[in-house]
Amino acid sequence: MSIQSTPKQSWWNRIAHPGQFVAWSAPWLWPLAVLTALLFAMGLWLAFIDSPQDYQMGHTVRIMYVHVPNAWLSQFVYGVMALSALGTLVWRHPMADVSMKAAAPLGALFTALALFTGALWGRPTWGTFWEWDGRMTSTLVLLFIYLGIIALWRAFDDQLRAARIVAVFTLVGAINIPIIKFSVDWWSTLHQPASVFRADGPRMPPSILAPLFVMFAAFTLLFLALHLKSMHTEIKRRRIATLQRKAAQGHTA
Amino acid sequence: MIELGPHAAFIIWAYLGVALAVAGLVGWTLLDARRTARKLALLETRRARK
Amino acid sequence: MSGFVAMLRRELALSWRGGGNVLTLVLFFVITGAIVPFAVGPDKPLLARIAPAIIWIAAFLAMLLGLDRLFRPDHEDGSLILLRQADLPLSAVIAAKVISYWLVSALPLILASPLLAVLLGMDLPAFARTLVSLLLGTPALAAFGAIGAATSVTIRHGGLIAPILIAPLSIPVLIFGVGTITAAQSSAAPLFLAALSLMAMALAPFAAALAISLAED
Amino acid sequence: MTDRHVFPPLAMYAEGLACGRAGMALCQDLNFSVLSGQCLLLRGPNGTGKTTLLLTLAGIVPPLAGSWTAQGPQDEPAPVHYCGHRNAIKPRLTVLENLLFWRQVNGATGVSAEAALVEVGLGGLEDLDAGYLSAGQGRRLALARLRVSLRPLWLLDEPTAALDVEGHGLVTRLIEGHLRMGGLVIVATHDPIHLSHPAPVQTLTLENRA
Amino acid sequence: MSGFVAMLRRELALSWRGGGNVLTLVLFFVITGAIVPFAVGPDKPLLARIAPAIIWIAAFLAMLLGLDRLFRPDHEDGSLILLRQADLPLSAVIAAKVISYWLVSALPLILASPLLAVLLGMDLPAFARTLVSLLLGTPALAAFGAIGAATSVTIRHGGLIAPILIAPLSIPVLIFGVGTITAAQSSAAPLFLAALSLMAMALAPFAAALAISLAED
Amino acid sequence: MTDRHVFPPLAMYAEGLACGRAGMALCQDLNFSVLSGQCLLLRGPNGTGKTTLLLTLAGIVPPLAGSWTAQGPQDEPAPVHYCGHRNAIKPRLTVLENLLFWRQVNGATGVSAEAALVEVGLGGLEDLDAGYLSAGQGRRLALARLRVSLRPLWLLDEPTAALDVEGHGLVTRLIEGHLRMGGLVIVATHDPIHLSHPAPVQTLTLENRA
């Protein structure tokens, strides 16, 4: 039996230090970026060249390849944020609040894009840009929540201090989002007979599924890459704030 | 150029919008990273000088 | 317990004397409701149709906008630090605040709602249901609101942040509130509304206390 | 000082305490122990972290490193009272109402609110709205709160700010009385404080780290 | 003149950095508009019918609620006393504040209005008229608002007083604003709106300066 | 003090001045005249109306009776600068931006904002957000504003509040420099102020009206 004299640092502890986190994760950035670009190229090729039009929706089905990944990310990113919030409050991981902050604008943008592409899809298929359909409406509310969180971050003078408070709010939001989703569904079905847009949708043939999944992967990797990069930037920004404040004391008379 | 049917405009706008937004996001992320890095470097050297 | 009562008494005294706050909020509620006809035009059936919506939106906005004075004055004059060190647990302090907030904002607003009902030409049964829905729903708004107010308390002049944070989260209250008024009698909306209020009132003091105790000065 | 109530023995220890704002240390490696009946004076130029240290000890600002304990009799944390730059006075309540509220919320001492007001020189102003007090009078009301709250541990941040000469004497008297009752005082100030028994006073000077 | 420019620059910098104020106000506008359907129900023709009213009321409320930060921060931190003693006349100070308030509140709100227009199912011509009416009408709201804010600046935590004072005064703006959108092309509403704005912008700085210089500390 | 600019002769007269709050007189029948290069010290216990008197002279609180004039060279009123309890600092602007703004709005003196910051001991903090300043540092920034504003007449309300010992010296230096340039200072304070030439100092003590 051997006893390790120096306890081996787990990756969890290693990335707990901002500098080490950057050092540990920086090598991932380029491969991620390249892979993302490749996937996008492939996805676009599949989406435009190599896939047929849908028998019902015609060519507009191609909007789906950007709409659905964005819609998925809009929810996934909130999950990332909620998990980071837990990390901030419960495990007190120093990188968790950086992750939480970096994710918010990304999530907001993906949500906005889901709405945008959905609206452009709605016009040719239902003849309107916007319908108060349950799913669309709850996506809109999600966008408001994202924007509220961003406004909250920006409103704090001191980002380090803001983190745990924003985390509390993010978690409250995470509990509330299912309630919102349920109530919005209830609301729109109460007033409207079956929506034009059925939840299950038509069963999709593989020729549609393939580009969908590739785009899916591409957008997810895009998120991961951007998330990592903004985390690095955020770490540097905090270092700047610290240095500036250090100057504050060094110079007092 | 491939056929996109009667609703080509919507498809193109959708992809264009997404492309612009993603490009903007990537650009802004990189710009922000560069700006922050430069500012940090400036501060570090200023500190080192003292 | 005597601390809790003292807290409650203080909050009520403060909002009662504090610059006619109660009156202000009621006026805001009435004015918001009353300007709608000016904007929509004098179309009576239309107004009657949207009257429940107007009353609820006005109440919603009034409740959210009054939030700013839940913790901010105490933060700015240094009382909040002392309250965090009081014998009373912080969540009890917050519960007292939420209860008194409901008493001085929601209650007067409910009392003033007949005025709006008359202005908007609501009929009596609909108005009765409006009253019920406001009574059931406003506690949830106050409780959610406390979380938003606690979150933004250290933000200087962050008066509008809390409403913005909380409005999306409170949409279920609005939906079930209006649902209670418009939907048929068999609807489950009042039940949901009551459940939301109970849940929010039970949990919000703890979440808000957490947010406040995480705030530095 | 009329009441002869005496606090159970307590102590405030700091070990390797580092405190600061926003993750940046202002004072490091502080070690002190203050016992019942002792007073710790914090001194140092502007911006060296006196207020930050007091807020850390009050539990408002998290410490960066090290630990501190405010140990009461049954090993439970002793309740503190922080008296800072802001007076925590509600302008629309009367002077007396302000004081009575804190008396109830903090757990009353034997001292009545009226007696405390007379003690700090606000006798006769009970029914005045507190918003009309001048800077120094407001500070006196904040000091009166110390007398009516059952708090063995006082954290005072520039208690003499805005006070006149007589007021400086008042602060000294209050601190001495509290120490005599077995209380414990940590006070940050730029003004000289002369206790009649200088023995129990320790001084901690925070330095500018150049 | 350089003082005026400095003032303008400072106000813009403050609202740009100050707690994401611009974002907050825009969000308030959009959220207020977007919660209406939850209360009214997803009834598209009805929503389209009341869309101009909703947009104007949301803009009206957002403009009035943002008012609180026009003078209050300066009052609370003591800057207002110094501004009263500045080389620049007080009315010029206030004019700079009103202009920058319009730039940071009304303009972003106008830019965000297409979003509401889409959500509420407005058609393109109606939306174009909405834009025009907002451009013409919001200066009047900012100017009237300055008077309300100046009047209530010394009231502690009087955040909602100014909106309540000003809302009744501003109802003409609302009426002509909605009138510009809904009425036929020959209507005089846009003219009235423009006249109101011009007049208010010209007079309000003096009235507000008077109110402020009469305030004790 | 680098610049040798000298203000034109000016004077502050009060004749039978009574000032107070809400119609209630705090000090009555005040007569004084302060000329260029002179300093008036206001003293008195808490709540006797020092702040009220300063605000009256600044034109913020209307006088109850009597009159006062701040006479400039061409018989026009001389511009005053009131420096009160609150520092008029915007937390989100940097230290330098705060100062530059007031320099432009008040009419600049020959002193640059950077030089003024160095003078008050805030050199090197130009780019820091002003919200991060400690109590004493904030006060120093407020004092720096005096140096960059072309104001012959200073009304100072407890300028030494929150300042450390070195800061008391700074206030004295600032007042002396201003007097030497032909300025005029009225200052209310509880702290002793020792000017090197005590000749131009008058003291006005406000009494408690029991």
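Note that the chains take the letters A, B, C, D, E and F in the order they are written out, and that residue 1 is the start of every chain.
Note that contacts are C-beta pairs under 8 Å (C-beta built on N, C-alpha and C of every residue); 3 or more make two chains touch, one makes a residue touch a chain.
Only a predicted model underlies this, so the values are computations on that prediction, with no experimental measurement involved.
For chain C, the chain whose average C-alpha position is most distant is F.
The interface with the greater count of contacting C-beta pairs, when A-D is set against A-C, is A-C.
The distance from the centre of chain A to the centre of chain B, with each centre set as the mean of the Cα atoms, comes to 16 Å. The distance from the centre of chain D to the centre of chain F, with each centre set as the mean of the Cα atoms, comes to 31 Å. Rounded to a whole number, the gap between the C-alpha centres of chain B and chain F is 51 angstrom. Residue positions of chain D with contacts to 2 or more other chains are 21, 45-47, 85. Residue positions 18-19, 24, 27, 31, 38, 41, 73, 156 of chain E are each in touch with at least two other chains.
Counting partners per residue, chain A has 144, 147-148, 151, 155-158, 161, 184, 187, 244-248, 250, 252-253 as the residues that reach two or more other chains. Per the touch definition, chain F reaches chain D in the complex via residues 21-22, 44-47, 49, 51, 85, 121, 132-137, 139-140, 158, 161-167, 190. Residues 2-3, 6-7, 10, 13-14, 17-19, 73, 76-79, 81-88, 216-217 of chain C touch chain D in their complex. By the touch rule above, chain C contacts chain E in their complex via residues 18-19, 21, 24-25, 27-28, 31-32, 35-36, 38-41, 46, 49-50, 52-54, 56-57, 60-61, 65-66, 68-69, 72-73, 155-161, 163-164, 167-168, 171, 174-175, 177-178, 182. Against chain C, the residues of chain D that register as touching in their complex are 21, 55, 58-62, 79-82, 84-90, 92-93, 97, 100-102, 104-107. Contacts from chain C toward chain A in the complex involve residues 147-148, 151-152, 154-156, 158, 161, 164-165, 167-169, 171-172, 175-176, 179, 183, 192, 196, 207, 210-211, 214-216.
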